[in-house]
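Heads up, the thing below is written out as structure tokens.
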Amino acid sequence: MTNFEYAPALESTAILDIASQYRLFINGKFVDPKTTQYFQTINPANEQVISQVAFAGEADVDDAVKAARNAYEKSWSKLSAAERGKYLFRIARILQERAREFAVLETLDNGKPIRESRDVDVPLAAAHFFYHAGWSDKLKYAGLGNDPKPHGVVGQIIPWNFPLLMLAWKVAPALATGNTVVLKPAETTPMTALLFAEVCQQADLPAGVVNIVTGDGSTGSFLVNHPDVDKIAFTGSTSVGKAIARAVSGTKKSVTLELGGKAANIVFEDAAIDETVEGIVNGIFFNQGHVCCAGSRLLIQENIQDEVLEKLKRRMASIRVGDPLDKNTDLGAINSAEQLSRITELSASGDLEGAQRWSPQCDLPTAGFWYPPTIFTGVTQAHRIAREEIFGPVLSVLTFRTPQEAIEKANNTPYGLSAGIWSEKGSRILWASQQLRAGVIWANTFNKFDPASPFGGYKESGWGREGGRHGLSAYLKGEK
Amino acid sequence: MRVDVKKTYKLYIGGAFPRSESGRVYELKDSKGEFLANPCQASRKDFRDAVVSARSAVTGWNKATAYNRGQILYRVAEILEGRTFQFAEEIVAMEGVNFKEAKAQVEAAIDCWVWYAGWCDKIASVSGSTNSVSGPYYNFTVPENLGVVTVFADQKSSLLGLVAGLAAVLAGGNTAIVIASEKYPLSAITLSEVLATSDVPAGVVNILTGYSAELAPWVGAHMDVDGIDVSGLSKKTEEEVRLAGAENLKRIHRFNQFQSLGRIQAFMENKTVWHPIGV
Amino acid sequence: MIVDGSESSLKSFLAGLPGVDQVGAEARAAMLATRSIKTTSKNWAIDTAISMVDLTTLEGADTPGKIKALCSKAVRPDPTDPSVPSVGAVCVYNDMVKIARTHLDSIGGKHIPVAAVSTAFPSGRASLAVKKQDTQDALDNGAGEIDMVIDRGAFLSGQLGQVFDEIVLIKELCGERAHLKVIFETGELVTYDNVRKASYLAMLAGADFIKTSTGKISPAATAPVVLVMLEAVRDYFAMTGKRIGVKPAGGIRNTKDAIKQLVLVNETAGPEWLNPGLFRIGASALLNDLLMQRMKMRDGYYASPTYVTLD
């Protein structure tokens, strides 16, 4: 060989012990679904079946809610806060101990690169439990009154883009604040939640405190509409979020929603260009762009457009697309055929509306679902690809001339989840971060997450925050 | 015998006192069933105009420093105090309580207003945070205004519920459209006269009188409204508002305390900012 | 012409360079450090790294005998395996240049240049006359490469014209006879912004290579420093069409570190830089580790230091 081609460096799957079939986790035990139905979950990188997973129907959801109610009343609420916290610490430690197993399983089921599941998803999931464990006995300091009360039974519905991490974002604060949980993982990525059920067993968590019901949208709907659920926490699309808001409008249910986004990533002329290019890449190609807060609208100050795009294209050419289990893969598989067709359709609208498409030369695998890293230049505010969430590795590039124009364009969206600012000038960063109507502002960085850092959106990007002191209020009844 | 000069009660939109574009009024009777006034019955178009006015005032209201907003709101309390007698008399007429009780309500309302005024430049300290993230980043969370909030004022009191709803929204840096209590609207209109002579910029507060249940679906569905205080609505109307409000995920809240920090926080967003720490 | 030779034009050009965000640069370098290089690519990387080593001894206690031993190793790093490539250069102090050159020539190492550290290495604290004499002397004794140090005191106090002029003068002395490597001592420049400025300053003044460190100061060739320098040569090429080499030196002690450097080169400046003409690694202990890893790759079991030669 003459060039430095990286030979395959596959993470071994030998660490996994995958059963051919997984049942529902209700009241501390794996039980047969009353529907008697199972559905398959596949590896999106090669379309091979990973396992069969139980399909929870209305009666199953009801059993899970009953188990959660019973656990809330009989065991979990009887436990002192400090003892409750110890269970969370246990879970955090077990997640760390079994980190590699979780990472490999997540990559298999989701299609994300092992580098990300190993270095981001799993360590952050453990961190969320560790962080919230410590809150359990300190809730009176959370700014919600001297004795804030949990809601009771919480129904949680999570998406497929960060299956384990979103589980942790939901389950950790719910348990720390004294609620019990019925969790519905995404249809295409149930595996790590089911492995998490084993962690609950290893941690000896009282039966019924965490219940996991796998299924599709109908399962989620049963959970949302169950009369004995006190609170719904949902992460997913804005359209489903709105449907949930409607569904609970006549009830006393409390709701938090983490929904879509169309984040502007604003590059000012004085930006540190090389790190900015890294940030743009991380902003849109991290997790195949399957990120609600992805920096999917790049706004470049016009006078540095050529330089930024040239460097961006060069950098994109070095993105390694391929087997998610390869430790050198940067961009893995699209999570499902359905998502791939959405990305394909929206990107086609970009072509149709006159934007210019560019992708580096890259060979995509034949089996599985793949989309190359793509940018569209010449995009205007009116293009669909500048307005709709693509949720894939597709970046729309727009330009601006003045800082004011950048802010106006950035805010010209019903979403308000996140935004990026790249500048070496402190006062400009603070000004822009004040002007942007978004819940998370990354200045000179992007797509950073931490359990201590509140996350959540303005406008149609959701209700409430997750993480930090602010996230606790989603699971406690505060005074108002 | 001198004939009283009676007041024509109008709406308050964008700093002006228009009649309802619909030309409608409704007959307001006092506690004894006698005619009291003909307040305007605001229409959906009046509400639409109020939203335009409130939206246009958001930027200016937030350009003022929090200290300045606190002073402006405190100034309102000063003027309210000077009109104690007028408010009390109206309350006596509408609610049928004695003057002492009415005066006590006015004083409680003024104190409530002062309480909220003082929050303007403290809410960020109490409701914000710096967050210890695991990495070389400075990370902080600040509360910010939500935008345009519609307040369905408490139906059971004339001034106190109204003040609690409005002042909490203003303290958070929002602009407001108040839908006054149907039965006790006069305090709201007199309050608008106070606001018009205060330093509160035009459009920051807009006050409509009329039928809450008629306006509620329009409020719930209006896509340029960010938040709704439904404390003054029946459960049934609240449900309608929530259903319609789902379309743009309005922040919709009902409150049971007149003075609470949660009331301010409910209509604020939290923004978290990250920045690397390096040389 | 990017700068016209005046200090003011130089200063304004360097001031106009984009900044380097420390956290971002370090994160990028850390991410590239996670690349997993296996099997065939590892074989290739080890041999490429060997061919890029500037085999170095810069000790007060250096003796002619030690220099000769080093030269022998440079030509045939593993006497038992002729398929091992020879190294990129041997790097010595001024007074050892002649010994090294003569010995290399006598053992079949004519193709291996002798690099002389120069201009009052490592501190750079001497008069210009002494620095010139130091360089002239090394050239006269057969040095094919001059590793000069910049005047960090002048750089940090803003006398950029003086730093520039010194490089120009030394480059004139080198002429066509020797390649000029300019050492920044990045551990003393401290910030990545300074590393970027020094890189452009040196390239504009005529450096053939830019080099991180003397090896006498820590930190030396950290991955983010090398990243910033690789970005500089990449962008300078885009600007001028001229490819400048990069030489990290100091702290690269084992195969893993060396391969991380190659990954940095590959994914920053690009594969064009992956040859000894444009990338060198200043090291001493590294070579033996590369040889041991090479044995492991060849034999399939782990090697022992007993089977590689001591310097």
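Per-chain numbering from 1; labels A, B and C assigned in written order.
The rule is short, and it goes like this: a contact is a pair of C-beta atoms (placed from the backbone, for glycine too) under 8 Å apart; a residue touches a chain by one contact, two chains touch by 3 or more.
What you see is a predicted model, and the numbers here were worked out from it, not measured in a lab.
> Identify the chain pair with more contacting C-beta pairs: B-C or A-B.
A-B is joined by more C-beta pairs in contact.
> Whose Cα centre is nearest the centre of all Cα atoms in view?
Measuring from the global C-alpha mean, the nearest chain centre belongs to A.
> Averaging only over C-alpha atoms, locate the centres of chain A and chain C and give their separation in whole Å.
44
> Taking each chain's centre as the mean position of its Cα atoms, how many Å separate chain B from chain C?
For chain B versus chain C, the centre distance works out to 70 Å.
> Using Cα averages as centroids, what's the distance between chain A and chain B in whole Å?
From the centre of chain A to the centre of chain B is 37 Å.
> Counting only residues that touch at least two other chains, what does the list for chain A look like?
444-445, in rising order.
> Could you tell me which residues belong to chain C and also touch two or more other chains?
21, 23-24
> Of all residues in chain B, which are in touch with two or more distinct other chains?
137, 276
> In their shared complex, at which residues does chain B touch chain A?
Where chain B meets chain A, its residues are 126-127, 129, 131-135, 137, 139, 141, 226, 239, 242-243, 245-249, 251, 253, 255-257, 260-263, 265-266, 269-276.
> Applying the document's contact rule, which stretches of chain A touch chain C when the two form their complex?
On the chain A side, the touching residues are 1, 3-9, 115, 119, 270-276, 278-279, 310, 318, 327-328, 424, 444-445.
> Given the complex with chain B, which residues does chain A contribute to the contact?
Its residues touching chain B are 127, 143, 238, 241-243, 245-246, 249-250, 257, 259, 414, 429, 433, 438-445, 448, 450, 452-456, 458-460, 462-463, 465, 468-470, 478-480.
> Which bits of chain B are touching chain C when the two form their complex?
136-137, 276-279
> Of all residues in chain C, which touch chain B in the complex?
21-24, 26, 190-191
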